[in-house]
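Take a look at the structures below.
Two complexes follow with subunit A in common, the first pairing it with subunit B and the second with subunit C.
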Partner chain A sequence: MHLEEFAEGNSFIHKLDPRVKFLTVIPSVFAIAAMKTIAAPIAALIVCLILVILSRLDLKKLIIRLITVNVFIFFLWIFLPFSYPGEAFFQIGNLIATKEGLLHVLSITLKSNAIVLLTIVILGTSEVFSLSHALIHLKLPRKLVLLFFFFYRYITVMHDEYVKMKKAILIRCFKPKSNLHTYKTYAYLIGMLIIRSFERSQRIYNAMLCRGFKNNFPIISHFELKKIDIAFGIAMIIIFFSLIAVFENTFTQVPIWIYQKTLALVGQASRLS
Partner chain B sequence: MHISEGVLSPAVLIAGALLTAGGVAIGLKKMDYNKIPGVAVLSSTFFVASLIHIPVGPVSSHLILNGLVGILLGWMAFPSILVALFLQALLFQFGGLTTLGVNTLIMSAPAVIAFYLFSYLIKRGNNIITIVAGFLSGAVGVGLAGLFMGLSLLGTGEEFVNIVKLVIAAHIPVMLIEGLITAFCVVFLKRVKPEIVGA
Partner chain C sequence: MDNINIVDIRKLHFSYHHGQEIFKGLNFSLNKGDKVGIIGSNGSGKTTLFHIIVGLIKPIKGDVYIFDKKRTNEKDFFEVRQKIGLLFQESDDQLFCPTVEEDIAFGPLNIGKSHEEVKLVVKDVCEKFSLSGLERKVTYRLSGGEKRLVAFATLAAMNPECLLLDEPTSGLDEATTERILRYIKNHVETYIVVSHDFEFLKDAVNKIFFIKDGKMNLKETL
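And then the complex of A and B:
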């Protein structure tokens, strides 16, 4: 099972400090998720595409990944335009698709793809081990990071166990169909996997104790913050938040909203008294 | 099915993230350092199990098994499911970083509910009670997950109402399959390795 498809590579994005990667990606994806117009997500998508080119990722793999992600979005295209209030755009039988609904789905599609590309380009280009190392530096609970690391480490091991058992049932002429026998077989297979994982984890823990495990992994290579890391981080955050500022004027709307709410509250209070 | 990025409103995302943070904090408190390898390897097993596609009539569905996760892990289902979804967000971009809180809550809260409702019955009950409680924990786990998913979509906007109906309808056959598999699995575990279910 090959999990880290995009981590191999030699571009400057692959070499960025994983701590900076997290600190850049998290505010940026939330900024994109909060966008409401069409223009801002298009601009964000263009920025992400430029990053894809800079990181020299395998485009074929990237497109396959984007297709799977867009399956959920496809369902939104079928349903959302017809249940959104607004001006009619076209009609199929009794169903009326509204202009507002179509724009809304378009905005979701653009935002979703921009976020996915950004996650692949920035986080997908680091190995999971260095990402978990970065999470320790970012003060996440140690237990959670250890859990994540062990979880990741044993996926391939448990997958091998599963493949072995799957072969064993196939040799015995098992053909999955919609019947009770199939469900029972799968349930026992999963049960056996759980038992094997339970026994294996006990052996792992004992082995760790034998080697003097003290709740952390000593590491030789430490992170080194370079100028390019800081420059990249600051540039990305400025880009995504200025997209919001330019296209969305959320920043100007917030004070207006607060002002209106206060006026309404004051009005109510004066009427009550 | 997970909710992808860019769909939910910031209010729903923040509420989901806060509730998940609370659940994860309780889970981590219950998870001592010596339990970490056990919870981790079990999480990898569930991750692999979720790749199995089970035929349901003409189509196939992948397993979720959050009811079973709840029965085996209790509150530790929160950190367990969180790391699995985090990995999916990093490597496959299924779900995502912004929706991590909401998606973890959708899957883990039903797991914890199933734990409180059925784990005692599974531990102490006879064969028939174990089967029934196992079935219910699988079915309730997925059913509530569908319900919570619908609620988070409705919390974003009324316009999702048709999709929510579809989501809930799609969860009904899955509830049946998950129930059956969880029931068989729980009986098997209780017979072969009773200490896993705490019996």
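And then the complex of A and C:
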């Protein structure tokens, strides 16, 4: 199992400072998630696709990842249009799909794909070790960061362990059926996986203690903030927030809303006096 | 011995993802009664060859004939695995049931033996490997040598016609090595041993091959 397949690259996005990557991705994701229309998410998706091209990722692998995400979204397409109130668009038997419902699902689909692409392009292009390193610099609790790092590191180990046991089962002619023998075998498999991972983690912890581990990973090479990092970060945030400003009038509405509220309050006050 | 062919591999090509080619047109054949040793440097593909024979990994190119039948899919190999037993390099990888008894019973139960038969097999095999008394022990708490013997026992329980042994003596003391040697010489008719232990190979086999540059070569002198 190879989880860092997108981190092997050499584009300028791969080389960006991971700290800047986090500070860019988080507000951008919020910006995309806050979009309400269809036009803004489409524009965001286009921006993400441009980033994908710039980072020269393996498109085949990327599409496989996107399919996984869209399987979940597919279920929304089945349920949401029929349960969302609004103007009828088409009808199957007694079920009425509304226009608003369909637009809503479309918007969700566009937004989720844009967010996933953005996360893969920006965060996925760094190794997990540098990301953890960046999280420590961003003052996240060390314990959480270590937990995140070990979780990533050992999920592959557990998977290897599982593959080995699966081989051991196969060479002894195991065929899954729906009987007690099969369930028992699967139960043993899971039980053994837990015991082995536990024992392995103990051994690794001991090995770490022998090398002087004190809940702290010493870091050899530190990050260096370059001009391109800052420029990229600011550019991304401006792009995503201006998409909202251009395509949706959320921002232009805020001053109007404040103006109206003040007027109302003043009106109330004058009436009271 | 009337030359019954067990394994016949023709023009095998194999490489792991993003790796260099391990086998470049390897040919290998094993007849009934052959006791063969395979040597080769680390990463030369000895373990990979074993895994290809029992169908755990599929070749990129080339044909695998086992018992004179071409084997391609999972169904073909189901039959192969009943007759050819594979001993893993790490016994920890081979044993996964809580107790010794259950681990030995696992294979025979899979090929449809009744519970009464299986109990007899377990008893018989445990006696053969002097494991009596360990039946109810938890496998992962056994010593390294005991684990290897239990792994052997799980294979013997299937009553295979041929054994593939991947470094059967690594990390074992002389007494256990001797026990394994005695067992395979007296009870197993056909086997392939991969080992770096030259002394053991000399005693155990009558032909040695070496894998070099993705091909199989016969070593002239033992």
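Structure notes:
One rule holds for everything that comes next: the second predicted complex is superposed on the first by the 247 of 273 C-alpha atoms of A that agree within 3 Å, B and C clash if a C-alpha of one lies under 4 Å from a C-alpha of the other, contacts with A are read in each partner's own complex, and residues count from 1 in each chain.
Operating definition for what follows: a residue touches a chain if its C-beta (ideal position, glycine included) is under 8 Å from a C-beta of that chain, and two chains touch if they have at least 3 such contacts.
Note that this is a predicted model, so its numbers are computed, not measured.
Overlaying the two complexes via subunit A leaves subunit B and subunit C side by side, clear of any clash.
In the superposed model, A:222 lies in contact with neither subunit B nor subunit C.
Touched residues of subunit A, counted separately for subunit B and subunit C, are more numerous for B. In the superposed pair of complexes, A:60 makes contact with neither subunit B nor subunit C.
Within the superposed three-chain model, A:115 lies in touch with subunit B and out of touch with subunit C [touch as defined at top].
Contact with subunit C, but none with subunit B, is seen for A:165 once the two complexes are overlaid on the shared chain.
Of the two partner chains, neither subunit B nor subunit C is touched by A:271.
Contact with subunit B, but none with subunit C, is seen for A:208 once the two complexes are overlaid on the shared chain. Looking at the shared chain after the overlay, A:195 reaches both subunit B and subunit C. Annotation: superposed on chain A, subunit B and subunit C show a minimal Cα-Cα gap of 6 Å.
Put simply, subunit A uses residues 188-189, 191-192, 195 to touch subunit B in one complex and subunit C in the other. Residue ranges on subunit B touching subunit A, taken from their complex, read 1-8, 10, 13, 24, 28, 31, 33-34, 36-45, 47-49, 51-52, 54-57, 63, 65, 72, 79-80, 82-84, 86-87, 89-94, 96-98, 159-163, 166, 177, 180-185, 188-189, 192-193, 196.
Across the complex, subunit B is touched by residues 3-5, 25-26, 29-30, 32-34, 41, 65, 68-69, 72-73, 75-76, 79-80, 82-85, 101, 104, 107-112, 114-116, 119-120, 123-124, 128, 131, 141, 143-144, 146-155, 157-159, 161-162, 176-178, 180, 182-184, 186-195, 197-198, 200-202, 204-205, 208, 215 of subunit A. Of all residues in subunit C, only 51, 54, 56, 78, 81-82, 85-86, 88, 90, 92-98, 102, 106-107, 109-111, 140, 154, 158 touch subunit A in the complex they form. Residues of subunit A touching subunit C in their complex: 164-165, 167-175, 181, 185, 188-189, 191-192, 195-196, 199.
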